[in-house]
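Structures incoming, each one as structure tokens.
Next come two complexes built around chain A: one with chain B, the other with chain C.
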Partner chain A sequence: MNAIDSVRDILTRNMRQSGIVIAFIAISVLFAVLNPNFLSPGNLTNIVLQYSYILILAIGMVMIIVAGQIDLSVGSVVALTGAVSAVVVVRNGMPWYVGVIAALVVGALVGVWQGFWVAYVGIPGFIVTLAGMLLFRGLTFLVLDNASLSPFGGIYQDIANGFLNGLLGGYGFDVFTLVVFAIGVVGYAIGQWRTRQGKIAYQQTVESMPLFVVKLLAVAALVMWFGYQLSISRGLPVVLIILAVLIIAYTLITQKSVFGRHVYAVGGNVHAAELSGVKVKKINFWIFVNMGVLASVAGIVYSSRMNGAQPGAGNMFELDAIAACFIGGASTTGGVGRVGGAMIGGLIMAVMSNGMQLMGVPQSMQQVVKGLVLLLAVAFDIYNKRRASVAR
Partner chain B sequence: MNERIPLLALREVSRYFGAVEALVDVDLEVHAHEVVALVGDNGAGKSTLAKVIAGVLAPSTGQVEIGGEPVSVSSPSVANHLGVASVFQDLAVCENLDVTANVFLGQELRSRGGMLHDGEMETETRRLLDHLTVRIPSVRTPLRHLSAGQRQAVAIARTLIGSPRIVVLDEPTAALSVAQTAEVLTHIERLRELGLGVILISHNLNDVRAVADRVEVLRHGRNNGSFPGSEPHETILAAITGAI
Partner chain C sequence: MSTILEMRSITKEFPGVKALSDVTLTVEQGEIHAICGENGAGKSTLMKVLSGVYPHGTYDGEIVFDGAPAEFGSISDSERRGVVIIHQELALVPFLSVAENIFLGNETRNRLGMIDWNAANHKAAALLKRVGLDENPTTPVGTLGVGKQQLIEIAKALSKEVKLLILDEPTAALNDTDSEHLLGLLRSLKEHGITSIIISHKLNEIEEIADRTTIIRDGRTIETIDMSEPGSTQDRIIRGMVGRDLEHRYPERTAVVGDEVLRVENWSVDHPTQLGRQIILDASFHVRAGEVIGLAGLMGAGRTELAMSIFGRTYGRNIRGDVYKDGKKIQVRNVAEAISHNLAYATEDRKHYGLNLIDDIRHNISAAALDKLAPRGWVNGNEELRVAEEYRNSLNIKTPNVLDSVGKLSGGNQQKVVLSKWLYTDPDVLILDEPTRGIDVGAKYEIYTIINKMVAAGKAVVVISSELPELLGICDRVYTLAFGRITGELPVAEATQERLMELMTIERDQPLPTKETAS
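And now, the complex of A and B:
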């Protein structure tokens, strides 16, 4: 392979990832121009609070999609786990953490149930989770006796509505928020630097030093600006901390652990994986258990944000989560997709919904636009893939 | 036949699928530093035999011996453990993973803390590829960006993880161009130089005669002759078609 080929190779390989980031920035700028309130501190905080549970679902969903499966039941699981938590905390007056634990346990059990049917009975995830979607929705109605249950109040409500503010003081802005964001930026810079050094050590092409520094500074500026906006609004949302921890943990699991590697292998070529000694059934089982637990985390956050549980909660969440994965570069045939990509995909959905809401676009048009964006994103993916295979 | 204990020996191995006799009383021996070609017409039982050796299929009757010891190869990972590594026709690699990930798939090195030890795996992969004289631009290239010949080379390289003694290659040159085939044949010769016993399953008699020390013919699931690699084309062909 000569130099031109390898440059083209790198471009086509990174096009999907960088394309999605550019699209995200373009959409944000568009809404910022159309609506001055879009980038206001209050609204940025709002976006985080409003879509955190979709992002949490998308983390689990991207692993399922990478393994070549799909989970249609997460919306119902969000409702069921929120309902169980409400019954424990609101109806029976138990402390908030008992509700959280109960929801997590129910989520794990749901995952075990679905994982069993997919992995050990061999029913496609599409069917199992379609059944689960009905099953768990029905159970939610049963658990709640067909009525809403509220309010949680207290600490439980703060999970999704609470802020860390004033821990380190500050005049008109929260120093603690800025410190947390600064640590994040430094961590990101170190990570990028080490990746770059690694590539140089393996004699791979890297962007030139000035370009690299400019990229780092741009990211740092953007992140710190976002942090500052949060800090002059209400401080650091608790749910953002939960989300950040999950994103970092799952990025490590998918990119650096043996389990994550095997998930990609199963999605890439299940026969090769099996013959190589990958325990395919175990992988399929655990990704569904994992999804169940993450759906229960989303259920906790959602019920906390709503300060109660409704039988109809979480309706259509599965579609938002799945759309986030595909917009974020996951492949419909499995084997390709990243947690980071799914997060950007989720943010694109979030920014579009929020921006259109601010502009007073009717619900009907919002759905039309979101549908088209999903279609175009996947079409772009397929177009890219076809071109790559022709190039070879 | 020499006096050494064969690395791998099959004694009267049979395999039935219901009433179908895929293999009937097949004998096969493979020694170190030897490439044994397994040839036969479609449906002669070559791939079934490869799967029995690789632990994908269990023999219905008969005995498999490795290093002179009777063994039961009940799964691919048991086979790996016993020193048997296999490359199967068409389903050898994951195209979405990079070279290193494919080479170490199912046998990843872990650092302390149980995470992937990428650095060490990359170094080892490059060492293996050098060993086989495989030229691949980067061990971080996803397999979908490689040519069919390079993919086959990666599949062959992955058999060398965990120092195996026997390598089974099922139609490694089936989908390759002439130049790529020549390269894969060089890799096979390297495996022999490294002291492994190689079982090469192929349709292509030219490939077989280029590298094999011995040619074993299967016909309708039975042994139908054993020839030195230098045997003329016609004789082997006659054994395959049943003319002798």
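And now, the complex of A and C:
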């Protein structure tokens, strides 16, 4: 197929996904034009730091939503796990990694608790996690004795606020950051190349060679530009590494693993999945355990960023995470959604919040705009589906 | 007789497909007019054009109804003129009462804008009497069977003062008694001057009830047959539908029967929620390699329940009895174990239990044997695509791309995807529950051919079917099931429809015929 055809093919096949990427780029360009500071190295770094925990939550949430469930409790779990960590590290003076492990264990236990009620008792996730939202918020207040605990200081604080820079020296920009990004780009290119070779070996149609190279170069240029911006600011944020590892791991799990595919099968048609040998209860159980663990990772990052734990931490995070998934193309009825989509959805919200903040738009107006964006994104989704179902 | 409906040169195009091209349909006042055609021939599209689902302007051609041009913009437009369509999937709200359903969207209000439920229930009772249904109008619809729900749909149509009633596959989900009743009702409506259009795959019904039959093939009108003329037989209709003579509705096969593969002994199953109600009673049967056996039974006899309780206990509770595979006793506690023992069960309800309709063909085919594609837990996407292509070719699944969603396929092709899914698990025993329900004659033949290939490869096949001619056409042996008991076993050479029907109606308190009388 020729280049134009294959571009069109890619776009139409992934109409929803490409639509959202285009929207993201358009919004970014809009803010860049309205405010020159938007693309400044310092601000790009800030966007990553400010929204990393929402993106981490959205990774777990998209799997829950694909399975046809919802989790309303993650904001409270962020607070609880941060609080436990603070009690361990701040109040009892234990080393930072003990706090991290304690938070992860609590997150996993929360997941086991909710997964048990959803999978083995059969209560809808909406109800279980609505109860969990109250339950874990209450426990947070108990653990913290209704007061904030701070500061963590030291290494714990660096999880969300630290940067890896200067490891290889610098000349106005951080070499180490660029090296990491370059390794990432090369890894991506090799991965894409191997996928392409695999497809050719199985005699599938692939995009033409020039288009393939252009695509790779475009991605490489964008990523390296972003890396350069970071490198001339404060270097590579630690939390960006955590986020990148999680995104890559969960993209693979959801798209390539048997477990991931079973999650889609359960969300698409639970009866058909069961009759195809999928252990539905097990899937439902483990996606909630997974969500609990990821919520605790977000809790660690958030408490580290705040350098302390507050009883009210993480309030309404669940709504941001859920919105990121739906803006990113997840279906409200389950079976459809991608980690990559949820990340773009989360970034759209991040960019909009940040851009509007820079322009001095009042908080009230920001909420209105975010609400409208969520509504429009889902409306666009439904409109597309309707068109697709008529066109047969 | 005057003409009530004339559809002239109807052409309807979807992006890339011409669904109808120059279709003409003339229906006389007071007749029962059947529309026949293979799945995807355009029957449903034509009816959607007629009833305003596809509004005026989205198609070419003209419609004249009741002496005046009809330019319906929506279903409510067409209903106002007296055209009511009853879809295959019934549109009743299960939690609402019979009367509430009948008047839904059409509620009569008193001066204060409130619904007078006494009057509504009274009117509903009268309508129920007309359709011959003895139920209280306040009963929730969900508690009634499909046959009765179908009648409620007709009562609903009558409440709208219907002149032309369109029924899309009305008897597809009904048993023989209910079908008989429904057809009788259509006849009595005809006497009251109501014209009906009926779409059906059950050709014997059409032969019985229709005054005229219009055949549609590939989006074109082929012919309209006057059913009172001699020679207007089922074969004539089939010839029109497929465009060729179908001399053999069932492909030839010489059975090479080998060793016993599956034996089920003394199988008993209780109802999953109603305590103490036994659904399957002491059933025993076996199937050998290279053999096709049939399970014949009326609706509610427990055929699906028997199959599903064996297939990983997906139905029922308090399951007792033994399953032997290749002579060894096996435990099948869940579907994964069933699959690992090389059992496969293709459901009768592919939309709800067989397929993930929003996902693509490729993923549906690999769904039951994903482990084969993922030796270390990671799915080999390229191999998966190759497998999907392989089954697309070998089973002739008609689709431009295996990455298209299954929901877009026709019934016959969806069924082939279900079969592909189970064939890919490489089963020794394949249980097919109503494998040809709701699919057209041509696709049925293809399904039979696939079954023959399976047994030729030494597999054992169990077919559950409501259509006795089908069982007689493809099976080597037939078991009859009645009220949860296996009431007989006949080699196909000794089986006739009458003999099977006799065995299928033996009630629980009646003694079973001894083996001697059965053979």
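What we mean here is this: the second predicted complex is superposed on the first by the 365 of 392 C-alpha atoms of A that agree within 3 Å, B and C clash if a C-alpha of one lies under 4 Å from a C-alpha of the other, contacts with A are read in each partner's own complex, and residues count from 1 in each chain.
Please note the rule applied: a residue touches a chain if its C-beta (ideal position, glycine included) is under 8 Å from a C-beta of that chain, and two chains touch if they have at least 3 such contacts.
Please read these numbers as outputs of a predicted model, since none were measured by experiment.
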*Are chain B and chain C a fit on chain A, or do they clash, once the structures share the same frame?*
clash
*Look at A:G335 in the shared chain and tell me whether it touches chain B only, chain C only, both, or neither; answer first, second, both or neither.*
both
_Intersection of chain A interface sets (partners chain B, chain C)_ = 13, 202, 204, 252, 256-258, 261-262, 264-265, 268-269, 271-278, 331, 335-336, 389, 392
*Residue ranges of chain A touching chain C (in the complex, touch as defined)*: 13, 198-199, 201-202, 204, 252, 256-259, 261-262, 264-265, 268-269, 271-279, 331, 335-336, 389-392
*Residue ranges of chain C touching chain A (in the complex, touch as defined)*: 14-17, 311-312, 314, 334-336, 338-339, 345, 347, 352-359, 363, 367-368, 370-371, 374, 377-379, 381-383, 385-386, 403, 407-408, 421
*asked:* Give the list of chain A residues in touch with chain B in this complex.
replied: 1, 6, 9, 13, 202, 204, 252, 256-258, 261-262, 264-265, 267-269, 271-278, 331, 335-336, 388-389, 392
*What residues on chain B touch chain A, complex-wise?*
54, 56, 76-77, 80, 86, 88, 91-97, 101, 105-108, 110, 114-116, 118, 122, 137-142, 144-145, 147, 158
